[in-house]
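For clarity, chains are labelled A, B and C in written order, and residue numbers in each chain start from 1.
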Amino acid sequence: MSSVSVKAGAIVDALGGELFGDADRVITRLAPLESAEPSELSYLVNPRLAHLLAHTRAGCVVVAPAQAEEAKLRGDCIVAPDPHLYFARLTQLWKKVHGRTPVSGVHPSAVVEEGAWIHPSASVGALCFVGRGARIGADTVLKERVTFAEDCVIGERCLVQSGAVIGGDGFGFAHHEGAWIKIEQLGAVRIGDDVEIGANTCIDRGALDDTVIEDGVKLDNLIQIGHNTHIGKHTAMAGCVGVAGSARIGAHCTVGGAGMILGHLTIADNVHISSASIVTRSVLKPGHYTGFFPLDENSAWEKNAATLKNIHSLRERLKRLEALFPKDR
Amino acid sequence: MSSVSVKAGAIVDALGGELFGDADRVITRLAPLESAEPSELSYLVNPRLAHLLAHTRAGCVVVAPAQAEEAKLRGDCIVAPDPHLYFARLTQLWKKVHGRTPVSGVHPSAVVEEGAWIHPSASVGALCFVGRGARIGADTVLKERVTFAEDCVIGERCLVQSGAVIGGDGFGFAHHEGAWIKIEQLGAVRIGDDVEIGANTCIDRGALDDTVIEDGVKLDNLIQIGHNTHIGKHTAMAGCVGVAGSARIGAHCTVGGAGMILGHLTIADNVHISSASIVTRSVLKPGHYTGFFPLDENSAWEKNAATLKNIHSLRERLKRLEALFPKDR
Amino acid sequence: MSSVSVKAGAIVDALGGELFGDADRVITRLAPLESAEPSELSYLVNPRLAHLLAHTRAGCVVVAPAQAEEAKLRGDCIVAPDPHLYFARLTQLWKKVHGRTPVSGVHPSAVVEEGAWIHPSASVGALCFVGRGARIGADTVLKERVTFAEDCVIGERCLVQSGAVIGGDGFGFAHHEGAWIKIEQLGAVRIGDDVEIGANTCIDRGALDDTVIEDGVKLDNLIQIGHNTHIGKHTAMAGCVGVAGSARIGAHCTVGGAGMILGHLTIADNVHISSASIVTRSVLKPGHYTGFFPLDENSAWEKNAATLKNIHSLRERLKRLEALFPKDR
């Protein structure tokens, strides 16, 4: 990023926190502790990594109160109650100061159909398509090459990454004499405020009712959201996740990368699904759920996989032996 | 969708079925049984959900002959031998009546190379790319931002959703002194009639011969079809499926979401692969095949996964005990 | 592809190898052994398929020295030390001779922001977006509809397939009072020379430092590369692979289709991950690693999956029996 610099004092003026050190220190870049240079600012979130403080060359470090003394020993620091949050806000400030926030308005190369409504403060990037009847709220940003199809609605302060397709047809067919007859998808997609949607992610329009993404949901790249899915507030999904149609997912859930949720299931609030795990039944109890085959050297896996295919008979054989030696005899 | 209304009588005039009730009843929307309003039309497919009939507020309901009496007790109904099929046709009628069918012709923002041939009744959406030598059949629709690369061919009445890439290079390299040497992909993609291809799905061009998608195949979003794959008629694949190169998949198969089919395999007709299952060998017998790790609470999974890595030795230990107590002694 | 023809003699003049047969033989197409016609040229890589030589109708066949005598018995052949490599070079020659290599320059429909630098020999396809500060090296090709975001850099002779998104935001948030606060992604993506990136594949920009893809890496379609990942030279990944953030992957690795690599892991050089396998810990020893549930008929899978969920207790039960019959009593 460009060469505008920011003084340490200006940072605490904008974001709060207590600065110990030189308010006139010029910060040229934000950087990880390990690679930060003397003109750069870094941060420490995990107390278990506090030992890195002694070695970092960073000119200034954001730390929690518990690490304040240790940080001061090495040089300048900003003390803030939640350094991770502070750093998030700092990256936002940084982007603004360096003029990298998206420009309001519709890029001339974008195609916007008649009857779409776009808030004047929203940004529609190059080569986007916005269909008729679509509505895009204040301060929402569609990056380049986004499809936002007819009648879909998105709230305020959302961010849609490049290549995402919002409002493609859901996958619905009636079976008739061996062929598939298209069920036209007459619903749309309704997205709340503060939602982020990743690159090349797809959210299908509903069959009759709408697909709904509530406020604060964060979807990573290459995610597939089937028609009529409902995703509750502040749920986050990592890359390559798939959600089949009509799933109802609660609030404050997380799904790890390549997790799969089958259709017509209900997932309670505060459910956490591990990466590469497949959800085949409703999960009504908050908690952490997992299901994938552990990685092993291929030769070991081959032996175990072969045995696995007979594990049921193994159990039967074990039962027979147990019957010979009952526990309480 | 818009506010044009349709009378119940006009529906049976267009689609058949027997109407019991008011032919002048105005239908303003199609809706699920649970949420339908008195001005809306719904349908019942699954006889096990017949109990919903008593509670729906729908103005009219499409039912099978077996549910006709029950439906009449509650109000207006249309009786049709296959309500799912009837409803599919009704969604198509609905879209047409409301003027939401795609317009023929090439959108001015699309890029069509010289030497491409597009049937006058076909529709090429905004910001599409169609390469030289490509051929697009009658009534086929490319939605917005589709890539349809050079020399690829698609038949009639197909629908390609936004962001799909038809005819990207297959993944082919020769290994030479630790590096990968590109094998140029000289084949193309040949797609039959009545095929649907989902948003951001990729179908690679063949290395020498073509990749072939036969009539009536339905592919959901974010699917990867490797080069020289052959997919038989009316096979359907759900989102996030991957098919590696040179697989030969039969007709009337289904693959659940995130299923994977490795390369150079043969899959017979009428094979059904469950979601998240990986096919590593040819499947020559019709049937239903599955292979994924069942979901569990994380702590239970951890214990079972650890044991799984030693399941082979478990079998050996069981064998030793069994040897001490032969069955027929 | 078009109808330009090439003589067998011209091929060996350009690529080397020893021709046994008619130098004036006109080659109209490259084709697999099984389907090649008398005017077509084919090749044999796998010695175990040498029996196909007797049956192919190909006009000329590229073979290794070990198959030379067998090939000569059936007709014309070109003998080359590495027929696979020879054929790769031949496909490249074929594409060039037929005028199918991309044209240098920026397509008029592409959007290139001010401050981007594109080498005059590079090719930026239709409807691409190139952000400010981006740099594209000599002879690199962006096919149609590629996003190459601001400040990202790509070297020479690279090929980016349609729909790829280079430099979307990494997935980074701070958690605050139940909501996710955006961490702006201030790094970029740095790509070396001779890299290929598949259709609709996404490579996220780094949070603070850059995401790095080294020389010769080959990525297939629909792959997700998280922010700050580092991929070593000549590593290849098949379709639908996911790599979470900050993974450090060595050189000369391969990852099979739909393999997943979690974040903050280290993978050594020469590690090979099977398809559909998930890497949840660092892999520091070269080798071949696998972890997926083997496919089975659904009914057998159901029984085994049910048992699997109690495999830990199975082990405990086995232990009890073993305690009754110690090995060395």
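Operating definition for what follows: contacts are C-beta pairs under 8 Å (C-beta built on N, C-alpha and C of every residue); 3 or more make two chains touch, one makes a residue touch a chain.
Since we're looking at a predicted model, the values are computed, not measured.
Chemist: How much rotation, in degrees rounded to the nearest 5, is required to superimpose chain A onto chain B on the basis of Cα coordinates?
Modeler: To bring chain A onto chain B, one rotates by 120 degrees.
Chemist: Under the over-half criterion for shared residue numbers, do copies chain B and chain C use the same patch or different patches to meet?
Modeler: different
Chemist: What's the distance between the Cα centroids of chain B and chain C, rounded to whole Å?
Modeler: So the centroids are 26 Å from each other.
Chemist: By residue number and range, which residues of chain B touch two or more other chains?
Modeler: Residues 109, 127, 145, 163, 200, 222, 240, 258, 292-294, 296, 306, 308, 310-311, 314, 318, 321 of chain B touch two or more partner chains.
Chemist: Which stretch or stretches of chain C touch chain B in the complex?
Modeler: That would be residues 1, 29-32, 35, 82, 84-85, 87-89, 91-92, 94-95, 100, 107, 109, 125-127, 143-145, 159, 161-163, 194, 196, 198-200, 216, 218, 220-222, 234, 236, 238-240, 252, 257-258, 275-276, 292-298, 301-302, 305-306, 308-312, 314-315, 318, 321-322, 325, 327 of chain C.
Chemist: Contact residues on chain B for chain C in the complex?
Modeler: 109, 111, 127, 129, 145, 147, 149-151, 163, 165, 168-169, 171, 173-176, 178-186, 200, 202, 204, 207-209, 222, 224, 226, 240, 242, 244, 258, 260, 262, 273-274, 277-281, 283, 287-294, 296, 300, 303-304, 306-308, 310-311, 314, 317-318, 320-321, 324
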